[in-house]
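The following block contains the structure, expressed as structure tokens.
Chain nomenclature is as follows: A, B, C, D, E and F, assigned in order of appearance, with residue numbering initiated at 1 for each chain independently.
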Amino acid sequence: MQTHKAKRVEITIEAVMESRLTDALKKAGVTGFTVLPVLGGSGRSGAWNRSGQISRASGMVQVVCIIKPDRLDDLLDSAFAVVERHIGVVSVVDCEVLRAERF
Amino acid sequence: MDQLLSLAAENLISPIILSFVLGVAASIARSDLSIPEAVAKGLSIYLLFAIGFKGGVSVAAHGIDGKLGLALLSGIILSFVLPLIAFALLRVMTWMDRLDAAAVAAHYGSISIVTFVAATSVLESQGIASEGYMVAVAAAMEAPAILSALWLVAKGGGSGSKGMDSTLMREIMLNGSIVLLVGSFFIGWATGEKGLAEIAPFIVSPFKGVLCLFLLDMGLVAGRGLREGGRILRPGVLAFGVLMPLIGSVCGLGFGLALGLSSGGTALMMVLSASASYIAVPAAMRVALPEANPSLYLTLSLGVTFPFNLTLGIPLYVAVAQMMSGG
Amino acid sequence: MDQLLSLAAENLISPIILSFVLGVAASIARSDLSIPEAVAKGLSIYLLFAIGFKGGVSVAAHGIDGKLGLALLSGIILSFVLPLIAFALLRVMTWMDRLDAAAVAAHYGSISIVTFVAATSVLESQGIASEGYMVAVAAAMEAPAILSALWLVAKGGGSGSKGMDSTLMREIMLNGSIVLLVGSFFIGWATGEKGLAEIAPFIVSPFKGVLCLFLLDMGLVAGRGLREGGRILRPGVLAFGVLMPLIGSVCGLGFGLALGLSSGGTALMMVLSASASYIAVPAAMRVALPEANPSLYLTLSLGVTFPFNLTLGIPLYVAVAQMMSGG
Amino acid sequence: MDQLLSLAAENLISPIILSFVLGVAASIARSDLSIPEAVAKGLSIYLLFAIGFKGGVSVAAHGIDGKLGLALLSGIILSFVLPLIAFALLRVMTWMDRLDAAAVAAHYGSISIVTFVAATSVLESQGIASEGYMVAVAAAMEAPAILSALWLVAKGGGSGSKGMDSTLMREIMLNGSIVLLVGSFFIGWATGEKGLAEIAPFIVSPFKGVLCLFLLDMGLVAGRGLREGGRILRPGVLAFGVLMPLIGSVCGLGFGLALGLSSGGTALMMVLSASASYIAVPAAMRVALPEANPSLYLTLSLGVTFPFNLTLGIPLYVAVAQMMSGG
Amino acid sequence: MQTHKAKRVEITIEAVMESRLTDALKKAGVTGFTVLPVLGGSGRSGAWNRSGQISRASGMVQVVCIIKPDRLDDLLDSAFAVVERHIGVVSVVDCEVLRAERF
Amino acid sequence: MQTHKAKRVEITIEAVMESRLTDALKKAGVTGFTVLPVLGGSGRSGAWNRSGQISRASGMVQVVCIIKPDRLDDLLDSAFAVVERHIGVVSVVDCEVLRAERF
């Protein structure tokens, strides 16, 4: 099957920052992303988990964008501007996609 | 005094308090007891809807007296001013830096709606009436404290503050719990006793039972916070978590008496001033002051001040309000 | 007419309607108020179980008259035929292509169970009786409309339709809400008044309150849909969303009168015909007509026709049914 | 006998049983009806809280007789011993290897709290009183069976067992359902009738209705298990799933009579002994005996023994207990 | 630690198509996969999120399969047959796995 | 934007083993991880899904750790010790991260 090179960017970010991040992505011309729920985690700022929580203060989500390689830098710049002072993790993986016209 | 103690004791062995205690104990013992996030949110939606609705119905029944506007204004003033007091206290009593102190202070200016709910149920079981519009005052007190805190940070040079932008402002003012509380208040007001009659078997009769499960959940979350964040509770911090609600309640008492609220209303004004936010403000702080330490404000608000108010504070405030307002 | 207006007004300021309005308003104002998916599903399971059970109990109490079979048949015919009318209208009134028009048409042949539930609670509060087996008619009307729509697409050349296969057929017929509605109908029928007595404090007393929260959720979802899909609501589309339920209700009225249903039953037949699906049919359309535009049918069904029926439609249908069936 | 049959028949057409049947049927027919995990957990938290609380209130009302300690001890002994019987039977009646047999045996020594809940509601509707502390006995019987099973594996060479470590021990003893059951039992005990009066509209009136929805969910899960794991139910395994509860109930009967429990208490002791765990033990087995086949123990416990007890077992145990204890 | 080359295929697809996709995977001999929930997302067909939804019409899930590299083409063919006319994204990443005998 | 090489380890494991795994990771010096919920799946031990379940016996979670490449072996050793006798999958992907000082 014909596949095409792309980048899979995964941004783990505080739930309160989700809409700010996706707005920034849209401004940077990123048209597609998927948001995954996160149950809990641990990092330099300690451990957390969502069970029983009602405040959005302590949850995170994972935003996954698959993009053409040449769009990567724009995306990282705009994502970085949002996560800069916040906790969270940004990682990039090389991938292959079907239906390249969609990205 | 004796009466106060027996009242406190009686308060302490209610299913509501004991459910909270069970939650804390289970968490500290590292039991895997947990309430799913969706269920906890569902319970909180129920409580907000019910308390707002009943407040509105009570306003529909007793009419609005001229004090509503003044009470709202008082709430807003308290929410603006209490963070300043809290901030000053924190800088004196603890080693917190400006940023952390401001973030914590915001919580104490704002309010905890569950503490309010628990207080109304204590008032009810003692047959003490209160102004229905106090739920609107509660809603009005959620946000101003955040502005005070950001101003405190900005004044100090602002490093660490991303400040307030219009998106954040909208998020705070239209935060889900404010909208639900105010919205159901208006629904209750519009539909009155007739509306209440239709849905009372849902929002009145099972209310206390639902509150028990919700407090079980809050206990679980608070206990987890204490287990993980307990080390931040140095003596100064701990002392603040108990002293500040007392100071807040005195301020609330002043306004309540000045406005001539009923003894129930005065007690609720004390409770609102004494309580610390754990829903709206923490979320706003993550956005506006991301470098402030969340375990400081969450542990203090949910792990110290909330249980203090729930167990000792509320009966104390109710007793004092009755004494002072001659109720 | 006067009576109709005052009835509509009274209907409008019920907690149920206002909860929906609150949801829509909160969404449009971009509040973050939301009800977790799991809780929304839990509420819908409760409502389906309760409404099915009560229908069954009512059949157990009043026995089955010969009309049950005819009523079911009428429902099935309506569900098959209404999409054809809707399709023709859409092609005339709007710019939709064949595929989109067929997908929208399927929704209007099928039914909205919440509209049905809201109507039963209006009937109840006005003390108007209705046939318990109308919930079975509701279940019977869910699926046939889908077949009509697929036939419309196939007839037009079928491009865009993946058509009906046995898996999809099973999915539609055994879709969760049909199974729960029919299943609890039979449980209610089998256990009768005695069964009802056991669980009435769960399925009867709090029913309206739960409905409020559910409508709050529907309002939130509908408001979000309007915010995002509102631009599809050109005048023609909007007009269809209001005209089609009126046409449907007239068809339902015809069948109700022909069958000699009670005035309550006739009103419910009108409501079923007037209402548009937003659970079963959209899911089936995603599978069978993946290239049809979902925001068209979701926005129309949930954002236009549902609120129209909830606020103006139901009181209108009830009043007309009473007038015409001499109730 | 006649009375027994009519009792069983009456039991069978209750909303509770029929809800379970609906769930099983929906799953086997591959309907997509499902209850979200969070809602199912919420329902189970409600049931545990309510049943524990009511048990505690009943102890507060009737005082503790000297039998409490003995009843707890009996429960613990039963939980230790029943797995040995189950293990021996399994090795004779089925082809299971040591590891699988031990894992299954653990389930039958422990208890199913929903079976217990269903039995209390049968007792209630027949007006048969029972000792409130039986919920404490239920909690005490959850864990010992696990130790027996691990001992059986260890004795056989232990290959396959990761054995018991202190973490696992803590997890089992402080498992959420035990903590909630015991905790709410103490809350009920401490707050007594007064506490119950406050929250009865939540934990008493809607109880049976909630139980229906919960059994619907259990039916859905059991049906899915049967659909997927049904092929493991060879005749020997199936026979075990029905025989073992009968043997368990006889052991429970012996202890009940020896202790001189009321006929209700004796029936509950039989039910506990006859029932098989499906919450705590499966989780412990995944940790301690990861190589044992989970579909064996889950299908047997939830797909065979649970429905057997629910439909035929409970009325049988209640009838026998009444006969033997001269109730 | 000894690891083995494999492919990680991630298919984001409408929830209503999940069982059709997994049936197709099983037919293609894929024996293992994991299904992750998705909270929301955005793409050419607009934005969506699951909160408060009861219909399955508008949700998506993510199906993740880890397979031996030589099985990739079969998998992609059968996945593509399902997603072809539907919205959704298919991506492939090179990975290493422990316990290769499991794949 | 400046990125740094890292490894993304994804461990799909039974929910009952989650705390044992994260404890082992912490002991091995892994300071950050994120836990994702899993809806269902299928493997050699059959198919499962979480809907309606109340027991933790049959659910799984996905633990994702992003680490410096040189820490990979330690992580895999300690993860393997936990998953060894349990069902579950461990995969490793090369990735790039922003803010390398965090890992």
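In this section, contacts are C-beta pairs under 8 Å (C-beta built on N, C-alpha and C of every residue); 3 or more make two chains touch, one makes a residue touch a chain.
The shown structure was predicted, so the numbers you read here are calculated from the model rather than taken from an experiment.
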Give the chains in contact with both chain B and chain C, ordered by label.
-> D
Any idea if chain A and chain E meet via the same residues, over half in common, or different ones?
-> different
In terms of mean CA position, the chain most removed from chain A is D
Averaged over CA atoms, how far is the centre of chain B from the centre of chain D? Could you give it in whole Å?
-> 41
So, what's the distance in Å between the C-alpha centres of chain E and chain B?
-> 45
Distance from the CA centroid of chain A to that of chain B, rounded to the nearest Å?
-> 34
What are the residue numbers in chain A that touch two or more other chains?
-> 36-37, 49, 56, 93-94
Which residues belonging to chain B are in contact with no fewer than two other chains?
-> 32, 34-39, 41-42, 201, 205-206
Every chain pair in contact, whichever chains are involved | A-B, A-E, A-F, B-C, B-D, C-D, C-E, D-F, E-F
Footprint of chain A on chain E - complex, ascending | 12, 36-44, 49, 60, 62, 73, 76-77, 80, 83, 89-94
Contacting residues of chain D [partner chain B, same complex] = 36-39, 41-42, 45-46, 49, 53, 170-171, 174-177, 179-180, 183-184, 186-188, 190-191, 195, 198-199, 201-203, 205-206
Residues of chain D that touch chain C when the two form their complex | 13-15, 18-19, 22, 25-26, 29-39, 42, 125, 201, 205-210, 212-213, 216
Under the touch definition given earlier, write down the residues of chain F that touch chain A in their complex.
-> 1, 3, 6, 8, 22, 26, 31-37, 61, 66, 93-99, 102
Interface with chain E, chain C side, in the complex: residues 34-37, 40-41, 44, 162, 167, 217, 220-221, 224, 228-229, 278-280, 282-283, 285-287, 290-291, 294-295, 298
